[in-house]
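Two complexes are shown next, each including subunit A; its partner changes from subunit B in the first to subunit C in the second.
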Partner chain A sequence: MKPAYASGTWRGERFYAFFLPLVTGILVLGAWQYAVKAYNVSPVIMPAPLDILLSFKGIGAELAHHAWVTGKESLLAFFLSCVIGVVLAYLLSLSDTLFASFYPNLVVFQIIPKIALAPMFTFWLGIASTSRISYAIFISFFPVMLAMMSGLSRADVNALRLCKSIGASKWQTLFSVQTPYALPYFFTGAKVAATMSTIGIVTGELISANSGLGFYVVRAQSLGQTPKVFCALLVLCVVGLAVYAIPVQAEARARRWWRGS
Partner chain B sequence: MAGFIDVQNVRKVYTTGGGDIEAVSGASFSVEEGEFVAILGPSGCGKSTLLMMAAGLESISSGQIDIASTPMKGPRTSVGIMFQDNTLLPWKTVLENILFPVRIQRRPIEEYRQRAMDLIETVGLRGFADKKPHQLSGGMKQRVSICRALVTDPDILLMDEPFSALDAMTRDEMNDALLSIWDRYRKTALFVTHSIREAVYLSDRVLVMTRRPATVVADIKIPFPRPRSRTIGETPEFNEICARLRGMIDRERLPGSAELAA
Partner chain C sequence: MSQFKSTRRRFLQAGAAAGAFGMIGRPAIAKTWNVKFTLAWLAQGTSLFPYVGKQKGFFAKRGIDLDISRGFGSLAAAQSIASGQFDYGIVISAPLVLMVAKGLPLKGLATVDYDAMMGVGVLADSPIRTPADLVGKKIATVPASAESPFFAAYAKLAKFDASTAQMVNVDAKVIERTLESGQTDAMTGIASSSLPVLLSSGKPARWMLYSSAGIPTYGNAIVGSTKSVESDPELSAALVDALFESLAFTIANPEEAADLFFKAVPEAGLTAGAREFVRIGMGLHRVGIAKPEAIKNGLGYGDPKVYDAITDLVMSYLGTPDMKRPAVDDWYSNKFAGNIKLAPEQWSKIDGGLGEFRKLLS
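On to the complex of A and B.
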C-alpha cells in the first residue's frame, strides 16, 4: 500500500513529513520536562530538557574546542579507513593468491568483539591521538573493503569481455570499468565507516584522552555535571552528522557524474 | 586455399560436475576477406560460443581457428565486437564510449576523434556525441556500439545477436543502418542470429547451426546484389530461401523428426 504521506497533496506531504514528527518530538520532550519537574528529580540523575539547553551558556567555546578535536580525528580516521579499505579490496581482487590467503582470516577477524580491544590500543600506542585514530580505523576499514570488493566483482559481464577483447590489462580494466561500477557499493561501505570512525574516536576518548567530546563527557560525569554530559552528547550528534555528510555528498556528486545531469 | 577466417574442426567442451558438455562439435567453415557471413541457429546451439572462440574470448578445446593464416591464441586487438546488449559504459558520453578502445590501446586520441565523429554521422547520431547512454533509446545505443566496434578500424567485425533485445521495428531500422555502414567500410563480418530473415537480408552466406550435432550443417549462398533495400524481403526468391532455412532448422530441432525425414 502507498503510505499516506505519499499522497502528493501539499497539505498531506507537509503534515506527514514535517508537522507530525515535530509535534511528536515536542510532546516527548514536554513529557520529559514535566516528569522531571513534577517528581522533583535531581539534575544529577536526569536533567530536564530546558535545563540542558540553559547549561550551554558559558561552555560554548569549550565544547567547540572539544568538538573540533573529535571531529578532526574522526575525519582523519574516516579518510584513512576508506583508503585502506579500497587498497586492500584492489589487492584482494587482483590476486587470487592474496584473496585465498587473507579473505577468510579477515572474516574471522571481524567476529572479534573489537570494542574489547580498545584499551589495548592505548596500551600499545599510548594516550596520543595515534592510538584513538588507529582504533577507529581498525573498526572502520572492513565495511569499506567488503563493500568495495563486492562492487568490483559486480561489473557488467559483457563490459569485462569488451575489455578483454580490446586487450585491456588487468589494471586498466580495474580502474576504467570495475571501479566506476563499484562506486555505489563503495559509498554504502563509506557511510558505515563514517559512523564507525566517530564511534571509534569517542570510545578512545572515553578510555584515555586529554581533550575531545568523549573526554569531556567522562570529566563532566565524574564531577556530577550531568546537564553538561547531555550538552556534549548533542554536540556529538552534530559532529557525527557532519562526518556522515561527507560520503552522502560525495555519493550525490558521483551519481551526477554517472548520469551526466 | 584457406579464407581470411578459417575455422577447422573446432570443438568446445565444458567440463561440469555432471560430466562433459559438448557446446560445439567439429565446426568447420571459412570466411573470405570482406565477406558478410551469418551464423544462424536456435538458441543454445553453441553459435555464440563459436563466435566468442573466434574473438579469442573462449578457449578452443580442439581444432584451430586461423585469422589471416595465423592461428588464434587469445584476443586479437584487430577485431571489433558487438554484444547482445549495447555494453556502453553509463558514465561515459557517446564520444567517450566510442573512443574507449582507442584509449585502452593507448592510440593517439586526437587522430581517432575525427573518425569517431564520422562514424557518429554515418549511423545518424549527429548532435548526440556529448549525450550519456541513459539519454538514448535502445536502437541509438546499439548504433553507438557499432561505432565503438569500428573506431580502431579492425579487419574483422564480430556480432553476437546484436539486435535481439530490440523491438521488431527498431530491429529493421538497425539492419538497414548496419547494411549502410557495412557497404561503406566493408569489414569481414560474422553475425550470429536466430532470426532467419535478418540473416538472409544482411549476409552473403548463411551458415546453419543446430544443436545435435552442435555444428555447421549447411552453408547457403545469398544471391542478392548490394546495396540492398528492404524491398528484397518481399521477393519470392527471398521467401523461398527463408523457407528452406526454416525447414533445415525445424528438422534438426524436433526430437525424432530427423529419423522420420530420413
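On to the complex of A and C.
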C-alpha cells in the first residue's frame, strides 16, 4: 500500500510536502508565542517568536557580516573534507595493505567524542581560522570517506569482470566504472559533511573567534540579549541550508549528466 | 514465662496507652526546606563554602536540605534562578545588576566578597608591568566572562587607549592555555578563578586588578528569585545564616574546609595539583572577603553605595535601550546579612595568612 503522502496527485503531494509542515510550524510558533505572553516569561529567558523577528531590526548588516564569515569557512571546510574523504577512500580501496593498516584506526579515531577535542585544536593550531577549519574538516571528512569506500565496493560485478577481460588498468577501472557507481554514495556522505562542517566551524567560533555567528551568539549571550541569540541561530540555519544545498544541487546535476539529459 | 492473653479489655488499655503516649511523647516535626542552589561556576576555592557548610551540618540544623549544583557562568545562573530552575544561588554582582536591569525577578540577599578580582593577567616574567604596557598587546578574553565588557572602563581609568590592544575572543576552557603557550600576551579574567589554574600547573602569573584603577567590582552575591524570597523570608534568613556560617568556618579553617570539600566532592581532587588549585583559590577569596564591610558589619553585608556605582558601570558599558536602571533598594537588601561575625582576633589571623596571595595582585 502506498503511504498517504504518495497519493500521486499534485494536490495530495503539495499538501504533504508543503501545506502540512507549514501549518504545523505556524501552530507551534503560535503556541510558543501564546505561552510566552500568557506566562509573562522574560525575553531574557525565552523570547517570543515575534520578539525574535523584531530583533532583526537594525542588526541585519552585522548578522550578514558574521554569516558571511561562518559561511565562507564552512564552505572551505566542506570542500576540503570532500577532497580528503575521496582521496582517502581511493587510497584505501586501491591498496589492501593501506586498508588493513589505516581503516580500523580511522574507525577508532572516529569513535572519540570529537567535541572534547575542539579546544585542543586551539592549543595545536592557534587561535586563528586554521584551527576552526581544521576542526571542521576533522569531524566532516569521515562520512565522505566511508560513503565513497562503500560506493567503490558496490560496482557492478559484471562490469568489473568486463574491465578485467579487456585488460583495463586498475586506475581505468576505478575512474570509469567504480567511481560512477560510487557517486550516489559520495553525495550521501557529502550531505552529512555539509552539515558537519558548518557545525564544526560554529563550534570553533564558540571556542576562539573575533567574528562569525558562533562568536555573535556568545557575545549576545554574555549581554543577556537572548532574542539576538535566536536571530543568529536562524541565520545559521540559512547558512547551513545554503552549504547543504551544494551537494544536493551537485547530485541533481550529476544524475542528469549520468542519464545523458 | 508469662503468657500474654489477648482480651478486649487489654486491647482497649493498650490503645489508650498508645494514644496517651502519642499525645505526650510525640516530638514536634521540624520544618524542612528542600533548596535547589546553583553556584556561578564549577566548585572551586571561591565557591566551596556551601559544600563545607553542608558537611558541617550548618544547613541541616536549620532544617535546610541543600542541593548544590555547578553553574555555567553568572548570567546563566541568574537566568536559571529567575526561571525557577533553582531557588537560590551565587551570582557575580555585575551580571546580577545586568539581569535585574533586563527585568529578571531577582533579589540580592547578601554579599560574599568585596572584590570580584576582575582584571588583566600576565605571566610572572611578562614585560607588562603596568596597564600602559598593554598598548598594542594581544589580549585574550572570554566574551561571556563578567570582566570582559569592563576592559574598556579599565583602560579609560588606567589612562590607556583600549583600541590599541588586540583583543582575541576565546572560550573559558582555553584562555589560560593561550597565555601559557605565548599565543597571547595577556588575558582578562577573574583572578581567583584563573590564577589558581596557572599557578597550580606551575606557571607563575600575576594580576592587575580593575579595582586598583578605581572600578567598583563587588564579587559574588547570594541571590534568590523574587518569588522565593518574598514567599518565605524565614527560609531566606535561615539560608543566608547557614551560608555565612559556612563561609566563616571556611575562611577561619581553610585546611579543614578543603578536606571537607574534597570529601563532599571527591572528583574535584582527582587531578594533579587539585589541592594547590583549591588552596590558592581559597587564599584569593579570603583577600576579597577580609574587607572593612565584613569586618565592621558582619559577613554578607554589602554597601548599597558600591552597588549603586556597579549599577552605573553596568548601565554605561552594557546598557541597551530595553534596560531600565534599577534602584539598589529594589533588588538588594542587607536585611538577612551581617548576622555571622568573626572576632577581631580571627580577622587578624586570617589577615596574617594573606601576604602570599596579595603579592600576586596589583
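Going forward, the second predicted complex is superposed on the first by the 249 of 261 C-alpha atoms of A that agree within 3 Å, B and C clash if a C-alpha of one lies under 4 Å from a C-alpha of the other, contacts with A are read in each partner's own complex, and residues count from 1 in each chain.
Here is the rule we go by: a contact is a pair of C-beta atoms (placed from the backbone, for glycine too) under 8 Å apart; a residue touches a chain by one contact, two chains touch by 3 or more.
From a predicted model like this one, the values you see are computed outputs, not experimental measurements.
A.B. asks: Once chain A of both complexes is superposed, is A:225 in touch with subunit B (first), subunit C (second), both, or neither?
C.D. replies: The answer is second: A:225 touches subunit C but not subunit B.
A.B. asks: Quick one: classify A:156 as touching subunit B (first), subunit C (second), both or neither.
C.D. replies: It touches subunit B, and subunit C stays clear.
A.B. asks: Look at A:44 in the shared chain and tell me whether it touches subunit B only, subunit C only, both, or neither; answer first, second, both or neither.
C.D. replies: A:44 contacts subunit C only, not subunit B.
A.B. asks: For A:167 in the superposed arrangement: first (subunit B), second (subunit C), both or neither?
C.D. replies: After superposing on A, A:167 lies in contact with subunit B but is clear of subunit C.
A.B. asks: Return first, second, both or neither, reflecting whether A:104 touches subunit B, subunit C, both chains, or no partner chain.
C.D. replies: neither
A.B. asks: Touch check for A:180: first (subunit B), second (subunit C), both, or neither?
C.D. replies: first
A.B. asks: Would you sort A:215 into first (subunit B), second (subunit C), both or neither based on which partner it touches?
C.D. replies: Touch partner of A:215: subunit C, not subunit B.
A.B. asks: By the touch definition above, which subunit A residues appear in both interfaces, subunit B in one complex and subunit C in the other?
C.D. replies: none
A.B. asks: Using the touch definition up top, name the residues of subunit A that touch subunit B in the complex.
C.D. replies: 156, 158-159, 161-168, 172, 176-177, 180, 257-260
A.B. asks: Can you list the subunit B residues touching subunit A in their complex?
C.D. replies: Per the stated touch rule, the residues are 52, 55-57, 75, 77, 79, 81, 83-85, 87, 89-91, 93, 100-101, 103-105, 131-132, 134-135, 152.
A.B. asks: Sort out for me which residues of subunit A touch subunit C in the complex.
C.D. replies: Residue positions touching the partner: 41-42, 44-45, 119, 122-123, 126-127, 206-210, 215, 218-219, 221-225.
A.B. asks: What residues of subunit C sit close enough to touch subunit A in their complex?
C.D. replies: For subunit C paired with subunit A, touching residues are 75, 79, 82-83, 98-99, 102-105, 140, 143-145, 148-149, 167-171, 173-174, 177-178, 181, 183-184, 318, 320.
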